[in-house]
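Below you'll find a set of structures to go through.
Two complexes come next, and they have one chain in common, chain A, joined by chain B in the first and chain C in the second.
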Partner chain A sequence: MFNYNFRWNQALNSLPQMLEGALVTMEIAILSMVIGISIAVALTVFRLSGNRMLKAVATTWVEIARNTPALFQIYMVHFGLGSFGIHLSPYMSLLVGIAFNNAGYLSENFRGALKAIPDTQTRAARSLGMSAGQAFTSVVMPQMFRISFLPMTNQMVWAILMTSLGAVVAMNTDLYGVTSDLNARSFRTFELFAIAAVIFYLITKAITLSARLLAARLFRY
Partner chain B sequence: MKKSIFAAGLLAATAAAMPAQADKLDDIISSGTLRCAVVLDFPPMGSRDASNNPIGFDVDYCNDLAAALGVKAEIVETTFPERIPALMSGQVDVAVASTSDTLERAKTVGFTIPYYAFENAVVANEKADMADWEGMKGKTVGATAGTYEAIWLEERVKEWGEGQFRPYQNQADVFLALSQGQLDATVSTVEVAEANVASGNFPGIKIVDKAPMVPDYVALITLREEYGLINYMNLFINQQVRTGRYAELYKKWVGEGEPANLTIQGVYR
Partner chain C sequence: MFDTALTANDLMFLAKGAGMTLIVTAISVVFGTILGIIFGVIRYQVGPWWAAPLTFVLDIFRSIPLLIQLVLANAFVTMVLGIRISGFAVACGVLSLYTAAYCAEIVRGGIEAVPQTLRRAARSLGMTWGQDMRNIVLPLATRVALPSWIGLALGVMKDSALVYIVQVVELLKSTQILITRLQEPLFLLLICGLFYFLISFPVARFGGYLEKRWSND
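Right, the complex of A and B next:
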């Protein structure tokens, strides 16, 4: 029994506010990816390095990021750090939480990509007189990014969807936050969230399509 | 012979026409169960006892309504934002969930007359320098998302043009953030504020002032077009006050004193 009359007028009036929220959502997702990729590269290097401490740090990070819910991670950034007197705004808590999660997953992607690159590549580079660092940054790393490019877009899509978890840390300017705020006022639940879902779908679809086009251009043999 | 066929036909036609006319009120009576959406992290209106049974003012209110209808009550726990989806998807018949009767919401759902009214208090972290409610200006403030006081507070912050508003998902998170100092102040119902200060679960908070807002009248809600049920519930609320049950429930769940006056001087409903 679903006795609900869809009335779109009120919900559609709030479309501009929701689109503004969508911009914030994209901003957080992009920033979290930039931070996430930088950290993931560092973690990957840590794991390759012989140093035990660095290896332990990287492993711990990846284990926590991949094996606990993103919701928990974001909640802990806000309330967990909060109990130690470190107060991050909802925006920062969400950004840090997603970036933490991204870094963990991306680091695993990078590790998988590295495995697909034959050792002979490094050896050939070294025999041309490159240092170990040079060989990694100019021979191995570009290939690593190429192999893990599509998994990275996957993570980007996920980052977009994860912004909706910001509600647990009182985030109210992203797409989900704006929508639930509007919902509290007008109770037009189904209409508002249907619109939000369509916007989410369009954003993620645009990302996957443009990533595919970009990949086709960048990685032409 | 002919007459009896005619009578049978008439009977059949009446029977066939009946379901079309049955409204929610009839559905509830014939199903034998009244399903109420109640928010159970909102003491003293709704919470759970030590053995996890739903208790509170709203729970008793639902039981009373079911008894009046002569049916069994079924409490369905929802959060504040989930009340409406539960109602619309037919999981519950009514929401007895301290729902503030704003005009904006009345465009979507059907409200009864108020069955309770809250006063709201400003609660602050002891470290925040705040003498009265206006001290919230420019500070980081928050409240439970989707509530009347959250909507009010967000509007004040917009009006002041300074400070920050944060809507947390539930009452417990608001007070946790307040206790940690992530929030300087919050606005919540006097009942909740007093219970939380007294509980000692949230050290370092204090009640500062009353929030100067129109009392938060809350009503029962059902679908907008269910006039029969709304009409019945209006009379039920009237009877609750008339018979002294309202005062009794107030005493049981809120404490000594006079329950809020549910009439408004100088105007008809």
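Right, the complex of A and C next:
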């Protein structure tokens, strides 16, 4: 027991590469959130609309995203879509997979938030002469984002953590991919992944902290 | 697209993988819940200052990708400590702690949802701390916590797909193995996804139903 030689120096030498990977991780997470939020808003509108087709599409999307593993979804995007002749790069597969997952979860959050907004507001907005679209975008939607701000922050953290799943589609430029590549070369598994863990921890903390500061500024009244 | 070389043996292989997924999930949820209740009660009982170290440790489990937790735990136990241990044990251990970290939060939320006045009334009626916990807090906190706990259990089932990294052949990994051999990714993935969906969807619906039923009274 304990005859293991820690070689932190060797692992720390590759810190610059890992930090570069961390940037890619953040890039994917941010992009997937932007895409995810846009799609989630669309899905929420679909679910509110009277159109049966749109409702079915939105419900199916949300239920699949929420009831299957994220790893499965990324795998499906990469290998499943190949059967339809769509071949995506690992980067794109990971991004699309996470965005798909984000959209499903966020849409459910938005739906919960909408329940907290009284119907009378929409009616008041409409009687002031706003169109249905205007009422939604300028009265309902800002409040929806405000109520679901905390779940959105959580989803952002989830998106960061999910980027590690790129391993399954041979993604090797994000933080996890870079770390496991380095590991394959040097076998300092514990040291390398411990450093990666610390970086992940710092990123998630930075996100929750900045979200809290942002919330304090945005929602002062 | 759907004519397949899938044999009954392959289906058995998939079923075994599915069984592994369920076993890992069951073990992790049971131990994770027990630990989570203990941690949650401690966190509530000793106050935020004294619980800070525990909060910090539990928070780590929620801020680091599960995949890295598994790799790290595996490397630590087998390489640093030099103990020979199966990937299955590592997977169950890590997933249990991971579950406990989330469960502690749910338990604490549940306890906090019980009005203080109610508990003081119980204590002033002569109930001990244990009686108060059992007869007052438990039933009321369960109402608040159970729907979230169901969500957590399902989350753990989905996250158990990651234990392939420590050489546990669960459902997704066995699907992957079959894909490599049969080269029919879409069909096999649909079977795999359907299994997760068929377990997760009804239970999630039930959780939603409980939440709705228990919240409006």
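Note that the second predicted complex is superposed on the first by the 218 of 221 C-alpha atoms of A that agree within 3 Å, B and C clash if a C-alpha of one lies under 4 Å from a C-alpha of the other, contacts with A are read in each partner's own complex, and residues count from 1 in each chain.
By our rule, a residue touches a chain if its C-beta (ideal position, glycine included) is under 8 Å from a C-beta of that chain, and two chains touch if they have at least 3 such contacts.
The shown structure was predicted, so the numbers you read here are calculated from the model rather than taken from an experiment.
S.K.: Touch test for A:F200: chain B only (first), chain C only (second), both, or neither?
M.R.: second
S.K.: In the overlaid three-chain picture, which partner chain does A:N67 touch, first (chain B) or second (chain C), both, or neither?
M.R.: The second partner, chain C, only.
S.K.: Which partner, chain B or chain C, touches the larger number of chain A residues?
M.R.: Looking at chain A, the partner in contact with more of its residues is C.
S.K.: Which partner does A:T122 reach: the first (chain B), the second (chain C), both, or neither?
M.R.: A:T122: touches no partner chain.
S.K.: Just chain B (first), just chain C (second), both, or neither: which does A:Q17 touch?
M.R.: Neither partner.
S.K.: Scan A:Y176 for contacts with chain B and chain C and give back first, second, both or neither.
M.R.: second
S.K.: Scan A:T137 for contacts with chain B and chain C and give back first, second, both or neither.
M.R.: A:T137 contacts neither chain B nor chain C.
S.K.: On the A-aligned overlay, A:T59 touches which partner chain: chain B = first, chain C = second, or both, or neither?
M.R.: neither
S.K.: Starting from the residues of chain A touching chain B, keep only those that also touch chain C in the other complex, and list them.
M.R.: 1-4, 79, 82-83, 167, 189-190
S.K.: Which residues, counting only chain C, touch chain A once they are in their complex?
M.R.: Chain C residues touching chain A: 1, 60, 63-69, 71-72, 75-76, 79-83, 154, 158-159, 161-162, 165, 172, 176, 179, 185-186, 189-190, 192-193, 196-197, 200-201, 204.
S.K.: Touching residues of chain A toward chain B in the complex: what are they?
M.R.: Listed in rising order, the residues are 1-4, 7, 10, 78-79, 82-83, 85, 87, 89-90, 167-170, 172, 177, 180-181, 183-190.
S.K.: Across the complex, what residues on chain A touch chain C?
M.R.: Chain A residues touching chain C: 1-4, 63-64, 66-72, 75-76, 79-80, 82-84, 157, 161-165, 167, 176, 189-190, 193-194, 196-197, 200-201, 204-205.
S.K.: Given the complex with chain A, which residues does chain B contribute to the contact?
M.R.: Its residues touching chain A are 80-81, 84-85, 88-90, 102, 104-105, 107-109, 142, 145-147, 150-151, 154, 164-169, 173, 176-177, 180-182, 223.
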